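Going in written order, the chains are labelled A, B, C and D, and every chain counts its residues from 1.
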Amino acid sequence: MVFVNDPIKYLDAVIRDLLTGWGLSNGLSTVIIYFIGITVLIIFAMVLDIFLVWVERKVVARFQDRLGPNRIGPFGIIQPFADIIKLIIKEDITPGGADKFLFNLGPVLAISSVIILWAILPISSKIFGVDLNVAVLYLVAAGALGTLSIIVGGWASNNKYALLGAFRMVANMISYEIPMVIALLIPTILADSMSVQGITQAQGGMWFAFLSPLALIIFLISAIAELGRSPFDLNEAESEIVAGFHIEYTGMKFGLFYAGELLHAFTFGGFIAVLFFGGYGGFFGLEKIGLFSWLSNPFVQAIVFLAKAMFGYWVIMWIKYSMPRIRIDHMLAFNWKFLTPLALVVLVNTAILGKVLAGFPNWIYVLGMFSSNIVIGFITIQILRIYGRKQRNTLLKNSSTNGKNQEQVA
Amino acid sequence: MTADRIIFLLTAGVILGSAIMVVVTRKLIHAALWLVAALFGVAILYGILQAGFLAVVQVVVYIGAIAILFIFAVMLTRKETLEKGTQTRPNWWLPGILGLIILIGLIILITGHIDFNRTAEQIPTNIDTLRLLGVALVSPDAFVLPFEIASVLLLAALVGAVFVASGKKE
Amino acid sequence: MSIPLSWYLILAAALFCIGLFGVLSRKNAIAILLGIELMLNAVNINLVAFWRYQDPVKMTGQVFAIIVFAVAAAEVAVGLALIISVYRRRKTVIADEIDLMKW
Amino acid sequence: MRNEWLYIGIFLVIGIIVPIVPLVFSRLVAPRKTNPIKQSTYECGIETVGDSWVQFKAQYYIFALVFLVFDVETVFLFPWALSIKQFPLFVVMEGILFISILVAGLVYAWRKGMLEWE
């Protein structure tokens, strides 16, 4: 019964009893328990990652009207294990002029920067690594390590396309970090907390997705850019720069980049769930009613969280497989001239309106927040429409002046 | 020797070792990456000092932004970094001796001060230093002016740097 | 927290001196800026250590450290912009060869 | 607080070790028969042209520059965001002043044409 209600605390007590029974000091047993807990958590993440390879391949197959892996095991579920065995026994080629240490460091750092995010991922109210009071910034800090991994890998390959791809990817990632940080400020303001547990609990009554839908959209876009997935995958634009920063990587090292990307996407799905969809909770007060009290069980919460995270991951995949690639100048212009100003406007709106509406009843607060976001979104779309029309007119004018040439080409 | 001290000494070793590599490595890219290692060590130090906000800000700002800027700058000025031969001035031993003298002097000063031998007390659990930091940065009788001036400084840096770097060629 | 304050101060002093050595001995202007970063970090270690060991409720040390972050960012932005601008015109990043202002 | 950072530290260490395990395993199992052709740089199958360290556009640097300044400033907004609830409206205004100074920089870079990719 105790195990069901708070598994981590129960296991902690059991193992601690055992270790102190062997004569270990309390501090040392804490370290050992941390080691065990972290190893279990990371292994869970890696197994999930293997599963994600199968999910990704299956989903992309369905998007492209194929069947996907279906030979090995039921529905091809053993396929990723076969992939891993293949990657491990493949010859690992290090290019001639490569910087050996940095060449190996790149992929390791790439997946480590994702794994460390699991330290703060609140899987449920009782099952989680650690509840940092600066968790939101920790997310950004892990992203910084990811950026570093790409530039290290791209530089160490000693290949101009790898370096070019790394440069593009880094320019992309650092640019989109700004709207992402601003979008992260909005849940921080709404929840008055930077810890993921605090943000989750603040959404018990109302998801932040309803309080600030624009922040959700901004975070989703910048998260996809941070992941380097399509439509922002110009780091691996095959037609221009062969394969981007991981062109020279073979075997398991390439596998680590690939696995890191998938786990990163899922983890960001999880963070979208935490920041905007109430994480493991957010049942609008339903769990307080006696009939639904089982919703506060940590295992039920974990299932709810993983389902929400999987949904976020699915949305990211959906966007990836239905959008073409964006050119780098469009991408950077979109970020600096559109997304960042919009994020700043939403931030100012949230700060002021949250303060003004604080004294009013809850439903006015929610309605005010929601409608202000809708108004901002509407104005943005109008501005975009006017701007787009202007652009179209200049393009039409240009093409009519040298239309003769165009016709001949056509 | 407690666990605290062992962790501190390991971190200090990482910081100082990487710092030495920063100033002696010939390849500039490696120097920049050693700087990242040193800065990461400093972030761990902030973690030991229980300044969590500064630890993550150290990673976000220094590793995520400043180090990237350094790497970009190194790659943009490529010829000089590939240059074979020495990267130090001919009279490099002079600053070496100077640094050593200053270091010895500082260590004598620090160890001579009795007050510096004390250890820190636990931060009371009911105090949230993160929230206190926020209050200190925005409340009018604390540091709101430096806070705003920092943003003006950064604006000036942005304007100046963009102006200089754009540099219309004559 | 069984670490004496002096340990932090000695570490910061050593880091500062290494940075100083780098600034004075390097030829490459970018490497000189790397040394300055080390020195600024040494200062920050001191500030945060004093914050922790004096009175953790007074946030002065941390606020100072944050201002140092801003200064470091501004310094890097302008410094590297200058170096790149000079590199474009003179094709050099060696500090001794940047002598436009000499006459 | 201390235990939290101890946990993060141990997590970092294990998070680095775990990805190394398959690499080491692969090192033991995978064949290693290298030759100069295999080691040469891959460029769509043709032979490598020129130096791998190509000259980059200075534009990348400009974006990194703008990013650096914005990154520092937005990070500073977090302590402000945490103190909104306990202070009256003028504290919000302080933050908005901070943001507007930030925006001034963006507008300058924009007007200067620095955000265009030539």
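We take it that contacts are C-beta pairs under 8 Å (C-beta built on N, C-alpha and C of every residue); 3 or more make two chains touch, one makes a residue touch a chain.
Model, not experiment: these values are computed from the prediction.
Student: Central chain, going by Cα centroids?
Tutor: Central by C-alpha mean position: chain D.
Student: Centroid from C-alpha atoms only, then distance subunit B to subunit C, rounded to Å. What do you get?
Tutor: 6
Student: Return the distance between the CA-based centres of subunit A and subunit D, expressed in whole Å.
Tutor: That gives a centre separation of 15 Å.
Student: Give, as an integer number of Å, the spacing between the C-alpha centres of subunit D and subunit C.
Tutor: Result: the chain centres lie 21 Å from each other.
Student: Report, in whole Å, the distance between the mean C-alpha point of subunit A and the mean C-alpha point of subunit B.
Tutor: 29
Student: Mind pulling the subunit A residues that touch 2 or more other chains?
Tutor: As it turns out, subunit A has residues touching two or more other chains at 31, 132, 134, 137, 140, 163, 167, 174, 177, 194.
Student: In subunit D, which residues are in touch with two or more of the other chains?
Tutor: Each of 2, 4, 8, 53, 56, 58, 60-61, 64-69, 71-72, 75-76, 78, 81-82, 95, 102, 109 in subunit D touches at least two other chains.
Student: Which parts of subunit C, given as residue numbers and ranges, touch two or more other chains?
Tutor: Residues 1, 66, 69-70, 73-74, 76-77, 80-81, 84, 88.
Student: Considering only which chains touch which, label the overall pattern as line, ring, star, complete or other.
Tutor: Topology of the interface graph: other, matching no listed pattern.
Student: Considering every pair of chains, which are in touch?
Tutor: All touching pairs, sorted by chain label, are A-B, A-D, B-C, B-D, C-D.
Student: Can you tell me which positions in subunit A touch subunit B when the two form their complex?
Tutor: On the subunit A side, the touching residues are 27, 31, 102, 132-134, 137-138, 140-141, 143-145, 147-148, 151-152, 155, 163, 167, 170, 174, 177, 194.
Student: For a test of understanding, state which residues of subunit D touch subunit A in their complex under the given definition.
Tutor: Checking each residue of subunit D against subunit A gives 3-4, 6-8, 10-12, 14-16, 18-20, 22-23, 25-27, 29-34, 36, 38-44, 50-54, 56, 60, 63-64, 66-67, 70-71, 74-75, 77-78, 81-82, 84-85, 89, 92, 95-96, 99, 102-103, 106, 109-110, 115-117.
Student: Considering only the defined contacts, which subunit B positions touch subunit C in the complex?
Tutor: 2, 4-5, 8, 12, 15-16, 19-20, 22-23, 28, 31-32, 35, 38-39, 42, 45-46, 48-51, 53-54, 57-58, 61-62, 65-66, 69-70, 73-74, 76-77, 79-81, 86-89, 92, 94-96, 98-100, 102-103, 106-107, 110-111, 113, 115-123, 127, 129, 132-133, 135-137, 142-143, 146, 150, 153-154, 156-158, 160-162, 164-165, 167, 169
Student: Once bound in the complex, which stretches of subunit A touch subunit D?
Tutor: Against subunit D, subunit A makes touches at 30-31, 34-35, 38-39, 42-43, 46, 84, 87-97, 104, 107-108, 111-112, 115-116, 118-119, 129-132, 134, 136-137, 140, 158-161, 163-164, 167, 171, 174-175, 177-178, 181-182, 185, 188-189, 192-194, 242, 247-248, 251-253, 255-256, 328-329, 332-333, 336-337, 340-341, 344, 347-348, 351-352, 354-356, 358.
Student: Within the complex, which stretch of subunit D touches subunit B?
Tutor: 1-2, 4-5, 8-9, 53, 55-56, 58, 60-62, 64-69, 71-73, 75-76, 78-83, 86-87, 91, 94-95, 97-98, 101-102, 104-105, 108-109, 112, 114
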